[in-house]
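Let me begin by handing over the structure; questions about it come next.
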Amino acid sequence: MSPAELLRALVRKVAFGFAVAVIVSPAILVFLWMLSLSLKPDIETLDYPPSLLPETPTLDNFVAVFRDSPFLRYTINSIIVSFSATFIALAIGVPAGYGIAKAGAAKLSVLILISRITPGLSYLIPLFILFQFLGLTATLWPIIITHLVITVPIVVWVMIGFFESLPMELEEAALIDGCNLWQGFRHIALPLARPGIVVAFILSFIFSWNNFIFGVVLAGRETRTLPVAVYNVLTFEQISWGPLAAAALVVTLPVLILTVFIQREIVAGLTAGGVKGG
Amino acid sequence: MTRQSNPSREVSRRSVLKAGAGLAGLSAFAAPGLMTHAKAQTSGGFDWKKYKGEKIEVSLAKGPRGDLVQKYRKEFEELTGITVGDEQIPEQQQRQKVLIEFTSGKTTFDVVMISLHVQKKLAAKGNWLEDLRPYIKDAALTAPEFDYPDFTQSGIDYVTNTDGTVGSIPCNLDYFVLFWNKEIFAKKGVAYPKTYEEMVAAVKKLHDPAAGVSGWLGRGLKNANMTPWANFILSWGKDYIENGKLQTDSPDGIASADAYAKLVREFGPPGSVGYNWNECQSVFAQGRGAMWLDGIGFALPLEDPTKSRIVGKIGYGIYPPGPKAHRTSLYGDGYGISRTTNKKGAAWLYIQWATGKLMQARQLQGGYGCPPRKSPFGNADVVAQFRSQREFLDSMLESAKIARPGLPEIVAVTEFRDILGIGLTNIIGGADAATELKRATAEFKPILDKESA
Amino acid sequence: MVFALPALLVIAAVIVFPWVFTIYMSLHDWQVGKPTTFIGLDNYLALATDARFLGSILRTLYYTVLAVGLPVVFGTLAALIFHERFPLRGFLRGVFIMPMMATPVAVALVWTMMYHPQLGVLNYLLSLVGIPPQNWVYDQATVIPSLVVIEVWHWTPLVMLIVLGGLAALPIEPYDSARIDGASAWQMFRYITFPLVAPFIVVAMIIRTIDALKAFDTIFVITQGGPGTSSETINIFLYLQAFAFYKIGYASATVVVFFVLICLLSLALLHVRQRAKWT
C-alpha cells in the first residue's frame, strides 16, 4: 500500500469514527446529564455555567426520593402491574398468535393492527367510566387491565411473526401421528417459539413499565406506578432538580440496563414486529 | 421531597446557618418554636379519642400547607389514635384527581384540600362536600378551642356557598404581594414603588439583561397567568365577571391585560410565556429578578439557604395602587369532608386539628402561608420571631385590607382560566390585546351562559 | 381459531368495548351535577366549528411531519453506519437504542431541565459555539420543533433497527458486479442499496406516523399544550376536555374524529407501501 493510500484509509477511519461518535453521543449525553444532576446537591444543579462533574457528589437525592415518598411501594406496584399485564398477555396472546398465524386469519390481525394504531388515551375515557361503574378504583386491577390494552397487541403481533416463520412440517407430522391441535401447539410449536416468547415478554414488559397516561388518571395514593410517581415528584419548588433527576433515573434505569444486556432480543423482536407492523 | 418533611436537610440547613454566623438572624423562618402549646388542644374535656383506631385518607395539594400538616401528622395521630394516610400531588393534578374521584361517585380520600378559587362552585354544584355548619355547632363533635369566630370574615366568606352551606374550613389565604430583591434595588438606588406608575418606572430602571437581571417576573403560562392579571384588572377597577357579565373585553379589561403583558414581554426573562410560578420562583431565588408578583404563600423556599441565593435580601411589598383602584387579588384553600366517606367523625377531627389555632400559628411562624385565623397574628411567639422582619407580617395584614377574590366564583373556572389565559399568553407573545380578548371572551361566553341557564 | 378465543374475549372487553362506548358517549352531554342527556350529533357539530380543535389538528400534522421525516433520515444514516463492521459495534448499538426504551416521562423531565432558557445546559452548550440562547419550549414559535427534537432523540433508533434489518437482508451479487463495473460508493447506494431498502424505509415511516400521532407523554409533561395553545395536539386537547374540563361527551367525539383521521392516514400510507412494492 502506498503512503497516499494509507493516509486515505486513515482519514476514512477517523471520519467514520467521528460519525459513530456523533450518532451515539446524544444518547450518552442525555443520560450522563441525568446522572450528573442526580448526584448534585440542590443548589449546584442550578449553577450557571453548569458543569458535568458534580463538585460535591452526593447520594442525598436518591436517599431523599426513597425517604420522602413511598417510592419503594411505587416500585412494587410497577413490578406487580407490569408482570401481571405481561403474563396475562402471554397466556392469551401466544395461543392467539398461533391461531392467527396458522389459520391465516387476516381479519383478526387487522383488528390487532387497529388497536396498535389507536392512541392509548382514547381508551382511557370509556375505561375510566367503566371502572367508576364497577367501583374498582382503589385497587391495582384497573391499572393492570388497562395495561392489557398495550401488552396484548404487542404479544400477539410478535407471536404471529414467529409462528409464521416456523416450518409447518413438524406439526403436520405430529397431527398425522394422532396428536390433536392442542397437543401439536403445546408440544411442538410452543417449545420452538421460546425465543419469540422471550422477545414478546421483554417488549411487553418494557412498554407496560413505561406507561404513564393510564396511571395518571386511574391510580390513587396506594396504586401509583413509577412513571406517575416520578411526575408527582415535580415538587412545590421546581428548583429541586436533583431529586427529580434521581427519581427519573430510578424509574428508567432497570429498563436501560435491560436494554444494553439483551439488545439482541429487543432488536429481533422490534424488527420482526416492526416489519410486520405495516 | 421538600425541606419540611426532610429531617436531615433540616439539620444540614441549621449547620449552614451556624456556619454563616450573620445569616441566621436574617433568615426569617428559621427558628423553631411554638412546641409549648401542643397540649393546649386537649383541654376543655373534649374527647379527641372518640374515633380511635380509624384510618383516614387525606388528599393534599403539593405546597407548604401540605408540608405543614405532614410534618406534624404524628401529633394528630397521637392526639386522636386515628391513623392518617396523606399525600401531596402537584396542584393541577390534584384538582383533576379530585374532579375525577368525585365524579366517580366514591372517593378514595375522606378529607380533601380544595382550592377555593378553582373548585368551590364546582364542589357545591356536584354536592361533593359535607355541609360543615351542623358540625361546627355540635359541641359533641367540635372542641371548644376550635373557636370558629376566630376566622376572619373574608376567610369565612370564602368558604361559604351562595346557599349558605359551608363546604370547607379555610386553611390558607394567599394574597398577591410584590416580592422584591432589596439588593438589586439598592444597587440602582431605587425605592419601593408607592404607585403603579412608580412600579413600572422601577421595573424599567432595574431591568438589566446584560447583568442577567430581569426587571419583572410574572407568570406567562396559560391558565396560571390569570392570577397576576387579576391584580391588574382589579387595579383598573374591574372584576373579571361583574353581575354575570364578562369584563375581560371591556376597555379596562383590555388595557389592564395589555399593561401586564407588556411588563412580562419587555422586562421578563426570555421564555416567560411558558413560566408558571415555579419558574419565576427559581429565577427570583437565583437573584436574577428585581420584582416578582405572586402569592405570599410562595415565600418559604426563598428564605431557605439550600434553595435560594437571596436569603435575607427579600422585601415583601404591598401591591401598589393602580390607575383606578388599590387592590390585590386573593386565593385560598380549605379542608372539606367527602360526602361519600363513612368516616366523617374522624375526618372532622382532622380538619379541626389542621385548621386549629396551633397549626395556624405554626403556619404563620414557619412562613408556610397566611392563616385565615386572627389569633396567629396576636401570638406573642410568632410576632417575636418576626421582630426583625415585621414586613412579612405586614404584607399580609395590609394586603388583607385591599384584597378581593381574584377569580370569579363560577363552575367552569378551569375553562375560564384556560381560554382567557391562552388569550393573555398570545398577547404576551405579541398579539393585539383587543383582538385576542374579544376572541377569547366570545369563546368563553357560551360556556358561562350555559352554566347560568 | 379456538386458540385466539381468550385473546378475542379480552380484546373485546378492553379494546372493542371502549370503541363502542366512546361512540355512545360522544352522542351525550355529560356534566358534573347534571343528568346525562342525549344530544345527537351536537358534539360533532360543535367540534366542526371549534377553532381550537381545528388548530390542534394542524399542529398534530405539523408535529407528525417533522417527527416522521427527521427520524427516518437520521435513522437511515445511522443504519448505514451500523451496517459497517467496527470495534465495539454491538455495545455501541446497545447504547444507541437506549433512548427508545427509556421511560418517556423520566426523559421528558430531564429534557425540561435541559431546555430551561436561563439555567439549562443546552443554552450553555450553544453559547460555547457562539449561538445566542434559545427559548426552546418556552416560545410559541419554537415549541413544536423543540418537542420534535426529543421525539427524534427517542425514536431514531427504531428506524435505524428497521432499516438495519433491511440492509442485513441485502444480496451480495449486485455489489460485486457493480464493483467490477467501477461504480462509486454513492452510485452503489443510489442504484442498489436504496431501492432495495426502500420498502423497509416505508415501513419505518408508517410506524413512525402511527407513533407520532399517538405522542402524548412528552408533550403533556413538558408543556401541557402551551405556551398558549402552540403545542396543543389533538391528544392534549382531548385530555384537557375530558379530565380538566370534564366534558366527557365532547372529548369522546374528539376521539371518534381523531380515530377516523388516523385510519384514513394509515390507509393512505398502506397504499404508498403497496406502490413501493410494485416499483
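A, B and C are the chain letters, set down in written order, and residue numbers restart from 1 in every chain.
Everything below uses one rule, namely that a contact is a pair of C-beta atoms (placed from the backbone, for glycine too) under 8 Å apart; a residue touches a chain by one contact, two chains touch by 3 or more.
Remember, predicted model here, so these are calculated numbers, not experimental data.
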From subunit A, the most remote chain by mean C-alpha position: B
Highest-count interface - the chain pair sharing the most C-beta contacts: A-C
Rounded Å distance between subunit A and subunit B, as computed from the means of their C-alpha atoms: 39
Gap in Å, rounded to a whole number, between the CA centres of subunit C and subunit A: 16
Shared interface positions of subunit B, touching two or more other chains: 96, 100, 103, 279, 282, 286
Numbers and ranges of subunit C residues touching at least 2 other chains: 118-119, 243
Residue numbers of subunit A (touch at least two other chains): 46, 217, 231, 234
Touch list for subunit A against partner subunit B, complex: 41-43, 46, 60, 63-65, 67-69, 128, 131-132, 135, 137-138, 216-217, 220-222, 231-240, 243
Subunit A-touching residues of subunit C, taken from the complex the two chains share: 1-4, 6-8, 10-11, 14-19, 21-22, 25, 74, 77-78, 81, 84, 86, 90-107, 109-111, 113-114, 118-119, 121, 124, 153, 157-158, 161-162, 164-165, 200, 202-204, 206-207, 210, 213-214, 216-217, 220-221, 235, 238-239, 242-243, 248, 251-252, 255, 258-259, 262-263, 266, 269-270, 273
Subunit A-touching residues of subunit B, taken from the complex the two chains share: 1-2, 5-6, 8-9, 57, 59, 62-64, 66-67, 85, 87-90, 93, 96, 100-101, 103-106, 108-109, 278-279, 281-282, 285-286, 301, 306-307, 309
Subunit C partner contacts - residues on subunit A that touch it in the complex: 16-17, 19-20, 23-24, 26-28, 30-31, 33-34, 37, 45-46, 48-50, 88, 91-93, 95-96, 98-100, 103, 105, 108, 111-112, 114-127, 129-130, 145-146, 148-149, 152, 156, 181, 185, 206, 209-210, 212-213, 217, 226-228, 230-231, 234, 241, 244-245, 247-249, 251-252, 255-256, 258-261, 263, 266-267, 270-271, 274-275, 277-278
Subunit B contact footprint on subunit C (complex, rising order): 32-33, 51-52, 116-119, 133, 135-140, 143, 223-229, 240, 243-246
